[in-house]
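Before I ask anything, let me first share the structure, which is written out below as structure tokens.
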Amino acid sequence: MTDQTAPEISNNHANAGYWTRVARDGQKMGFWFVLPTLLLLVFIVVFPLLMQLYLSFTWWTPLEGIPWYQAWEVFNWGENYWYMVTDPRFWGALWRTVLIMIVAVPAQFFLGMALAYLFIDQFPGRKLFYSIMLTPMMIVPAVVGLMFFLLFQGTGPINDHLGLPPEFSCLTDVNRAMISVIIADIWQWTPLMFLILLAGMLGVPSDQLLAARLLGGSNWQNFFKIILPRMKTVIIIALVLRAVECFKIFDLVFIMTNGGPGVQTETISVFLYNQTFGELEWAYVATMGLSILIALSILAMKGLSYMAKK
Amino acid sequence: MALKYFFVLLACAVVLYPLLWMVTMAFKPHPEWTTVAGLTWFPENPTLQNFEFIFFGRAEGLVVSLDRTIVGPLIASLVTSIMGTLVAVVCGTLSSYAVVRFGLAQSLPLSVLQLRLFPPLAVMIPVMVMWSFLGAVDTWWGLSLIYGIVTLPFAFWLMKTFFEEVPVEIEDAARVAGCSYWRVFYRITLPIVKPGLATCALFVFILNWSDYLLALLLTQRDWVTLPVYMATLTSAMGGQMYGMKAALGVIAAIPPVIFGLMIQKHLVRGLTFGALKQ
Amino acid sequence: MSFRTPKLLHPSRRQFLKSSSATMAAAGSMGMLGNFMAAPASAQEFAAGMTGGPTGFDGAERFQYNASMSEGRAIEGIRALRAAGRVPERLTMLLTDGAIGQITRPFPDGAPSVKEVWERETGIQIDIVGFPAEDIFTKVMQDVTTQAGSYDIYTGPWNSTGDLVSSGGARNCSDFVAQYQPDWGDPERGTPTPEMEQLLYTYAGDYYSVSLDGDFQTWFYLRGIYELPEVQDAFLTETGHELAVPNTWEEVDRISEFFTGKDFGYGTMYGNGNLMSPFWGLATFYARFASMDFPNFHFFDEDANPQLNTELGIQCAEEHVRSFDWTPPDALTYTFAEAYDQMWNLRIPHTAIYTNIVKFGDGYNPDGTPRSAATGMIDSHLPVGRRFGDQINRRSVLYYHITAWVSSQSQYPEAAYLFLQWLSSTRTYTWMAGNPGGYFDPMQQANFREPLVASTYQQYSMETIPATIARSVPSINFAGQTALDNALDDELQAAITGQKTPREAMDAAQSQWERIIRRQRRNGIEEAILASRETWPTIVDEA
Amino acid sequence: MSSIQIQNVTKRFGDFTAVDDISIDIEEGEFVALLGPSGCGKTTTMNMIAGLEDVTEGAIRFDGQDLSRIRIQDRNIGFVFQNYAIFTHLSVYKNLSYGLEVKKVDRSEIDRRVRAMADRMSITHRLDQPASSLSVNEMQKLAIGRSAIVEPRIFLLDEPLSNLDAGFRAYMRAELKVLQHEFGQTMIYVTHDQIEAMSLADKIAIIDQGKLMQYGAPLDIYNDPQNRFVANFVGSPRMNLVDGELREERGELHLMLHGGAEIPLAGKVRADFTSDARVHSGSFGIRPQDIYFGDRRGPTDITMHGKVEVLERVGPKRLAYLQVQETMFLAFDDHAQLEVGDDVPFFLPSDASMAFDLDSGRRLGGR
């Protein structure tokens, strides 16, 4: 941003002719328009990726006592990668992330789909209910973590409703902690599914739906044969969005359980955080970060090309 | 129809349940915080002392006091969110316009999108090294810069769809009338997409305001944002101070919910990077 | 250290919530919450020959000093620095939140707070930023690695000194120590032995860390219950032994097993009050591990190889896992705060834990109410070990132990150091250790001779704590510590929750440790391990 | 195949009454057109028959059975939408088979009937292609075929021809008639095009502003419109309808037209106008083809004089625009004897003339 405006101001008088020419030349102006974004991209993508690649082949940690650019002194020929492949904690965290994904995303999808189906026609109060339904996803995830932290306290309302004693704690139990986190995630992100799927559902031409009903199709039949196939793109977008976001899940877990008890809710993001500031294995974190980036990029490319084909 | 209302009301109840608990908790006095003395949904003795406590550091009837009030983090959150929004919206607007109108940098949209796919923690090591090298840790501009970069994809894609909706004929007409490209952009196109620009700014602001992780990594003391402050207090206060935590949560939750409802119409577009419009 | 605020506040504390405002105040003192009550203006004079220190209460003269004492040298040092224009207006200290009250709250009645005395004498403001004990080192490392330079002083677990030093985050204070001569190792008032001074205040031969705590796991038990005739009788009938203070782990386990499920009129009890949860429970394991062989069973052998999956290591793990049968429900989620609560409510007969369990739970509140149901029933005993012939190797463990470091990013390291010297010197520290506003525990010899400390920590602790310190082994305290502890912790938890057998868990932990050591080898971890071995006490007792 | 009784049906949307107390009886196998200008309520009426809209008041019965209790999918109605509502994500085959598949008809039976229908609609060569690739004309056929294949009790068509090009529209019109005979099904057809209605329907229901104006066979409606609206709406070219005040002078009854001209009333039409003494202003109607030139043919025929303003060729005939003062009459110049600018007499046969009450639009007298 500054890169663009600074020369404009300073050169305004001395070089007035240049900027007038730029304003008259679409390509030149476009170049200046794109420049700040390009610079930011280079700044945040190219440079960090190279640094990450470099560090991932070294032992370097902040404990090393040498600046990162001298990390070549502790070059380790990719041992980090081998360490990663054989690190049970890494795979555990990865598995837990995937677990949240394969439980929460389908749950959000089905709930969102059912809700969208409820909201497909007009009915009195729809606008109000619709607004209410959207609220959870607008709430700061950290606050959602706090909300469910409060709810799942032993002395909180959930235990009270279920008649459970305060000792029956959800967040500190080996099994229930994960379930609690997943419930919170479902609560927050079902509305997103709902929103996107409803938009897709409303995109199905209403006369085709009517035609299907008049042809004798039951609601179920019409839903599966007419609505669903027409929503394919929307569904893929919604699922991909959520699945990707699941990989980032951090705030919720960190505030609700801090990855605990033990490592029972340690997702990949929490694991990376702990490795960064707990074990301080920065080169190793760089290795995992880079690997995840590459894996996700390949998946994303596959997904995008699949979508482009459709 | 009755069945439908039943399900709709049920869904709304599930949505409101945790919210209600937190919001009413913020107005409850200490004895009502837990269900030990029985569950109360609405405060029997409503009080503002929780808010008083987090704003002034102490409250009547409480033996404890707070050494850092919410004021600093509130200001930090506002400043960094707004500046981050500015960076994202300005860069996103300019570059998406260039991509849409001048056909420049056709690979930009995808690269920008990829930026969003990555878990921020996976690039955090270099970012922290860079930020500390720049002396940007725990400064308002350092946090604003990363906010701007992280939300740039949203601003870019959102503005792209808005620009695509402006008929090119309008611009051509103005250009035939002798306007420069810059003037056409600034005087014709920008005013047309103004509502879109406002939507985009609000959307990006919500995202910035909602951040926790980046602020957790890149601030220490002076520019700690609201969610980080909230989480620290949450763990620092232990289990007891439920009411204060809830009051914090309510304050942090309000702006995005209001703004979100304001831009309801465009949420789908924003969240799907313009892939879907409502 | 003491009252850490549990991060996930554990539900179990109905009593906590229902109980008096004293609990509430204790709760409040954790957190970034300090109670800034204005101290009464103190008109009293210093005792003869004294130039500084607290005033305004009986016995204040015991904490006063002059330029010939450690505290006085620190104050003089600041004055000299001020003359040279090298003092800041304020020093920022990142502090475990549960300890803030000890610096900011006046004690005893009529006294100023520690902070006020310092600020009055030096004019340098102390800004305290509180952070939860469990996460504070994360915050420290973040400040170090991102070069944020937000603090002049860090605090955190003593175990992490190695990590902090190798990251370059802590300033080497050897020159300051040489110049200002703190009384940490004073043969009369300071640490019991010069070795202990080395262990607590230095790393690799240089001064980095300033001890502000006494985290030597100490045994407490409910004498009031042990002495009940019906308990005595039942124990004899059931086990064939007299119920007495235990000397060995075997006896400990026997007592734990006996009490589990019993009700002697105070509700159902559980036998094992030791911490078994992640992070905190490691101390329990290390303590048991250290006494497996005579005189010590080291974590690493002479070649710096881990000894986790040796026969003795596995036996230790089996005992540790078995002792889990006698713990209260949800013990896996307990921090020390919950464990304290179990004893205060007479649900466990004994525990080896941080010493401020009595600070907050024995004795009486200012209003005369007992601090807990256990008031008057608690007593303390020596660490336990194992019988080898006619000798017993009693062992405890030094774990966590809040420690301060001067940040290498501080603009005013000398002033920051001088504040720490002043704070940790035997007079100020003794005064502060008596303050019930936070969880810094006593550990200097002078502390245990001080009536104020004795009144807070109870007379019975005044002998057992020093004896425990003398028999404590250090837990892991060199660079790589976090990784080692985490790896072992995960495997222990897996064994306790039945996901692995103790043997499998120890095998896995062993290979994890070997991996970590291999990774850290070029950082000199092996030398550090061997150096750490040297600091283990060899003192043994007659059986 | 069913008969349909629409009984006093009213439909309100809030304060707006879209359909006002309409009753129509449709016999089994009849082809009925709902005709009216756009927004008149004909589509709403059809939607109510299909069940897409609820009935506010009144009832719709199939063979005497009240429809309101039957779910849409069980009504067995063939419905052809204006834009066909083809399932564009399915193949032509799947479109045709949809109605049978959801009824779990045997697979081989489905195949047989789909192929027969495709054959009938001459879209067999398109069967395996995606429906989205069809031309508009083929979509029309597919839409009809898809509805017809389930052998519905009745068939509803919503402006089915309006999207077609002119040539195909004429072809489809004929085709529809044939199909209706072939299927022998009760059909209801909504249109705003009176020619389509006249040429296809067995009966026409003319609707205006939610009210049923007239219901009857096309010729009856043409020859004997019940009110001014129907008279004006049906017929091409339109009927001459001139409004004026009735004035009696010396035993002669005149209709004083607003343009200044006057029509001396005589014979049957005079009787019609006087049939209701309360009427003071009226409309005089006569179809262009009933006006003649040359010699007066009947004693009660009314003589007028007008100036030929325009001559327009309509097919083999010429249509003359005759200006009388400010009023214009249209008439067919059968023998091509007029020239523009001629001032000619023309005759309005009293028997073929119609009288309407200007205020209510009601027809006065009768045939």
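As written, the chain order gives the labels A, B, C and D, with residue 1 at the start of each chain.
Criterion: contacts are C-beta pairs under 8 Å (C-beta built on N, C-alpha and C of every residue); 3 or more make two chains touch, one makes a residue touch a chain.
Not measured: the values here are computed from a predicted model.
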(message) Treat touching chains as neighbours: how many steps, at the fewest, connect chain B to chain D?
(response) 2
(message) So using the touch definition from the top, which pair is joined by more C-beta contacts, A-D or A-C?
(response) A-C
(request) Specify the chain most distant from chain A by Cα centroid. (result) D
(request) Starting from the mean Cα coordinates of chain A and chain D, work out the distance between those two points in Å. (result) 60
(message) Averaging over Cα atoms per chain, report the distance between chain B and chain C in Å.
(response) 41
(request) List the centre-to-centre spacing of chain C and chain D in whole Å, with centres computed as mean CA coordinates. (result) 97
(request) Provide the list of chain D residues touching at least two other chains, using ranges where the numbers run on. (result) none
(message) By the touch rule stated above, which residues of chain B touch at least two different other chains?
(response) 34, 36, 235, 239
(request) Among the residues of chain A, pick out those that touch two or more other chains and give their numbers. (result) 149, 153, 155, 159, 166, 258, 282
(message) Taking the top-of-page definition of touch, could you list the pairs of chains it picks out?
(response) A-B, A-C, A-D, B-C
(request) Show which residues of chain A lie in contact with chain C when the two form their complex. (result) 59, 61-65, 74, 83, 88-89, 149, 153-155, 159, 166-167, 169, 171-174, 257-258, 260-263, 274, 277-282
(request) Quick one: which bits of chain B touch chain C in the complex? Just the residue numbers, please. (result) 33-34, 36, 62-68, 128, 131-133, 135, 137-138, 217-218, 220-222, 232-233, 235-241
(message) Please output the residues of chain C touching chain A within their complex, sorted ascending.
(response) 7-12, 14, 17, 135, 137-138, 141-142, 144-145, 163, 166-169, 277-278, 329-330, 332-333, 479, 482-483, 486, 489-490, 493, 497, 508, 515, 519, 522-523
(message) Applying the document's contact rule, which stretches of chain A touch chain D when the two form their complex?
(response) 205, 207-208, 210-218, 221-222, 225-226, 229-230
(request) Would you tell me which residues of chain A are touching chain B in their complex? (result) 1, 4, 20, 22-27, 29-34, 36-38, 40-41, 43-45, 47-49, 51-52, 55, 68, 114-115, 118-119, 123, 129-151, 153, 155-157, 159-161, 166, 187, 191-192, 195-196, 199-200, 202, 234, 237-238, 241, 244, 247-248, 250-251, 254-255, 258, 268-269, 272-273, 276, 282, 285-286, 288-290, 292-293, 296-297, 300, 304
